[in-house]
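Okay, so chain A shows up in both of these, paired with chain B first and chain C after.
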Partner chain A sequence: MADDKDVLRDVWFGRIPTCFTLNPDEITEREAEPYYLLLPRVSYLTLVTDKVKKHFLKVMKTEDVEEMWFEYEGTPLKWHYPIGVLFDLHASNTVLPWNITVQFRNFPDRDLLHCQSNSIVEAHFMSSIKEADALKHKSQVINDMQKKDHKQLWMGLQNDKFDQFWAMNRKLMEYSTEEGGFRYIPFRIYQTLSDRPFIQKLFRPVSPEGNAYTLSDLLKEMFPAALPTEREPKRYQVLIHGIEPLLETPLQWLSEHLSHPDNFLHICIVPAPSD
Partner chain B sequence: QSMSLSVTSAQMSSWRRQIFEQLSERTKREMDNFKHYEQAIEQAVWVKKGSM
Partner chain C sequence: MAAVTAAAGGVVRTDSPGAPERSGRRSSESWKRHVVRQLKNRDRNQHMFQDLICFYTRLLEKNSLAKGIISSCTRRPSDSSSSVSSLLQQNDQLKKTTGELAYRVVELQQQIRVKECVLQQQRVRLEEEERLLERASDARQELNMRVEQVKQENRAVKAKYDSLLERQRAAEMSLRQAEDRGGHLLEDMIYSKQQAADRMNSRNEHRSRARAMKLQRGQQSTVRAKVDIDSPSSAPTSRSASPKNEACGSSEQRRTRLFRSVSLSSPRFLSSIRNMFEKRRGRSFCSLEEDSMGPVGICLAARVPVRALQVLEAHEQGINAVRFSSRSDLLATGGTDRVIKLWEVRAGSLTHRATLDGSTEGITCIEFDPIGARVLAASYDKSALLWRVDNSVPKLTLTGHNRKVTAARFSSSSHQVVTGSADRTIRLWDLQRAACVQEVEVASYCSDLVCSENRIISGHYDSKIRVWDSSSSLTCVTSRVGSCIQELPAQGKVTSLDISPDQRQLLSCCRDDCLQLLDLRRCSNARVCFRADGFKCGSDSTKAVISPDSCFLAAGSADGAVFIWNATTGNLETHLPDKHSSSISAVSWSLSGEYLVSVDRSRWAVLWSDL
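Up next is the complex of A and B:
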């Protein structure tokens, strides 16, 4: 029988089959073959693409190489969003593998943050975990951890070690029975057609009367247009890790089981396919 | 205490069952035809760096 812990494994081991192709405008010494890779949904592009970089550098001269960045159908891909979020937001409902273009010049400073090393990803990841714990436990859990514990969370993600990561992350998921959940749910709602990067506000998992709030309650407050109506066909898909949880799913459960390793529940709202 | 215990099929709420089902469909959709692809992260032995 399936167990809630299986959900954590499924979330962690989610992979997106991806085909990386070099931008044809890059100067190469010979033709660059595409490179195929299974990308972990919960990781970050710049953290898992060393092999891609090495592959394309073989056909390029050092003087033609600047910082590597990625694009999907003309959209620069933000490395500081988890890979699964980028896929769900920009490429869900397309045929796999996911076709990403690799570029080594003309870095789009307006759209992307620079990322020259893994320590930049680590700083971003740890600051997200700290922000999430500030919302969940007034930072008490993360502040009680030692530096080596923080490192264990990061190394777990970096080396794809589920047990190592969850041995520590389970502490960040605890709460007292009287409270019935976290103080606030760390969530971010992304939408494709918006200038706003994402919606993030304070939202509690339990009502003042003690009733558990659901995904539907959150959307009602943050993005009511995403809720289906009886009168019209479904306009939006609400995706978390590539699936559409039922709107009656309790928010606290979602936060504990479908959050990314950065401890945020990343929710993508994309137009429903019109087939 | 935050982790739910294993529940039997009869006890399982529809939202929970639906999540289990969709996750296994996702695995089929996104991974079954691509098992021959290389993994981005090699499963190396975990080494703790003593730099802190």
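Up next is the complex of A and C:
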């Protein structure tokens, strides 16, 4: 199982090199230099961009500053998706570093949620964990935890402490051997070209006959078009943490190892690059 | 990326509904390997920016710093006129800040000093605590050691206890064996005793038959003699009659009384009559008046015992008193165990007949009444008790003395009793009224007393024997103890008194190991002392007796030997040692003269005889 631990580590320490540039429309006292940063895939944008904000505020007058938000090639980036998901969804096949535009005005209220402080991120994160555990264990595990255990999960994420986080998260990943897996797999399937934010349905990890379901079984059920056919060239990429796992990978294992800290398995389906 | 998609496609192809299970294991590893490989790939692509970004950030910082410096430099030369003043101002400001800073330095140094002080104190305290801790740990170690020591001691004590237990068990075992052996010995002894008794019985039978034969021969010879006497002389008709006739004729009143106690047909009676006559002939003095006072003279030849017929453990504790009944068929013993035991004397052995109880303390003195129907005893419980021989419950209890009663005797009138006590009084009791009729105070502890016809004689610890007048005794009802008419000196504390059956002689036993015989008729101080080598008066209540024929004196010594003196010669007649193991407390001579019984302090009674 050393491999599994390595996988968890790799997932946790996944970084995206990012270049933040100020929106040229912003009023500045002088020219703003771009700011480069390695963003953790499993974290949230507003949680890791304090330095970015500080950098750009140096060149701006305070009266021109409103709430900061980000966009990529004209798309506002939702802070409540994990950074990795945003990258996979919008910029998976582009050249690194990832160019994000920083804006301080004209907050797109229709597209984005306001985020005044980290406590809002925490609330969102915790509610996701609770939702996931409701699917996995009927909320039994998360309800058995104490307040400080919940805090430990959050602090682990906030301070990028792998061991601290997993010491607690391990419990959320347990399941009874006779059932062979969680009750339902908490997953979300994101698409670029859709009005729906994501697909989320009840899906068991094991078939009634006792066979483990695989990623391909999930896609067959949820998004058959993502499955490659023999006749056509591949149309979609199925990305989790920036990689394409084999379709025969068991869903239960994926849920245990490739889930984000919020315990959801975020799957991005993006069009295959044309070249 | 193309390879990846190809691999993915391949998997999908094998994942058709009929996919064989055997590919499962290989593929299960392959998907995991795939994921790991892809993750590494991803990281390799993305992490190469790390250093770049680092350098960039650093450059950015330096840049902004340089910009700041440049901007301040460029601002300075802009207006030199104001710059001097501004510089001065700056200088002032700098000075001020320097002063402030110096002040703060001082302040901080002071704080540092304070903190150091505190630190020093804390260090001292720490050291102190450490010392305390060390001491405590030392104490703890010591306590541990002591615990260990105590444990060891406990172990030793336990071992000792175990060994003692073992020894106790062994001792119990040996005790049980000894008891078994004792039981066997007892059985053997009983068997041998029975055999001895049988032998004795047969011998006695033999002897009595021989005696009967002898008697017959004697009768024949007397018949012949009578014939001889009748023919030659006729002078003293009354005397020449047969002894039987003479006895009947001379004093009818007296003889009837005598006959009550002695059966006529008994051969012993006849022989004793004969003995009496012989004795009278031998001793010239004979007063009819005195002879008639009691059932005396029936035995005129006491036999000096030579050997023990029976040795028995009569009581559970020491025996203080012993007395034969006047018919010599009954023996009473009384001891510290509070009971009087009656023994039947038959064929040379003692058989337990009855036990008289009722006293709450030890018995000090016993007497039978003249006809042998009642037993009088004095007791340590400050009372005197009277039983009927056939009833074990006391008929009367005479209470009134303040201390132990040392002597109780029937007075010459048989319905009265005289008692002497350690409370220095002598009391006279009326048995019909069961009450004390008179009390006489004496100067000293009364150890024993005897009653004669009209006198009461008491022995005392102040080495005096006092004689009291109980005259006018003929009017029985008004019988009183008069004044002390005589005081006779003795050599030491008087332990016992005995009066001869003819009431002529008084025997006293003293603590100076000397028996003293007084002639009462001569009111002189003529007395004979009897001593012997080895004779030692064992206690303050050792009792000596005169034999029924007044020829011998018997007393028991502290060493367990019985001493018998000849009263007439004053010589030691015999000395019977070895039967008693402790001090003899009392002896009694049967009125038949046949037996002597001695009792001792260690529960044993010995029946002596000459057979």
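The rule is simple: the second predicted complex is superposed on the first by the 273 of 275 C-alpha atoms of A that agree within 3 Å, B and C clash if a C-alpha of one lies under 4 Å from a C-alpha of the other, contacts with A are read in each partner's own complex, and residues count from 1 in each chain.
Note that in this section a residue touches a chain if its C-beta (ideal position, glycine included) is under 8 Å from a C-beta of that chain, and two chains touch if they have at least 3 such contacts.
Every value quoted in this text rests on a predicted model; they were computed, and no experiment measured them.
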{"item": "Touched partner set for A:54, first chain B, second chain C, both or neither", "value": "neither"}
{"item": "Partner chain(s) touched by A:36 [first = chain B, second = chain C, both, neither]", "value": "both"}
{"item": "Chain B versus chain C as contact partner of A:241, first or second or both or neither", "value": "both"}
{"item": "Touched partner set for A:227, first chain B, second chain C, both or neither", "value": "second"}
{"item": "Touched partner set for A:177, first chain B, second chain C, both or neither", "value": "first"}
{"item": "Touched partner set for A:148, first chain B, second chain C, both or neither", "value": "first"}
{"item": "First, second, both or neither for A:216, with chain B first and chain C second", "value": "second"}
{"item": "Touched partner set for A:7, first chain B, second chain C, both or neither", "value": "both"}
{"item": "Chain B or chain C, by number of chain A residues touched", "value": "B"}
{"item": "Contact residues common to both interfaces of chain A (with chain B and with chain C)", "value": "3-4, 6-7, 10-11, 14-17, 36-38, 96-97, 241-246, 248-250, 253, 257-258"}
{"item": "Chain C-facing residues of chain A, complex", "value": "3-4, 6-7, 10-11, 13-17, 33, 35-38, 55, 58, 96-97, 214, 216, 227-228, 230, 234, 241-250, 253, 257-258, 272"}
{"item": "Contact set on chain B toward chain A in their complex", "value": "1-9, 14-16, 18-20, 22-27, 29-31, 33-34, 37-41, 43-44, 46, 48-49, 52"}
{"item": "Touch list for chain A against partner chain B, complex", "value": "1-7, 10-11, 14-17, 36-40, 43, 48-49, 51, 96-97, 147-148, 151, 155, 158-161, 164, 170, 173-175, 177, 241-246, 248-250, 253, 256-258"}
{"item": "Chain A contact footprint on chain C (complex, rising order)", "value": "4-5, 7-9, 11-15, 27-28, 30-32, 34-36, 38-43, 45-47, 49-50, 52-53, 56-57, 60, 63-64"}
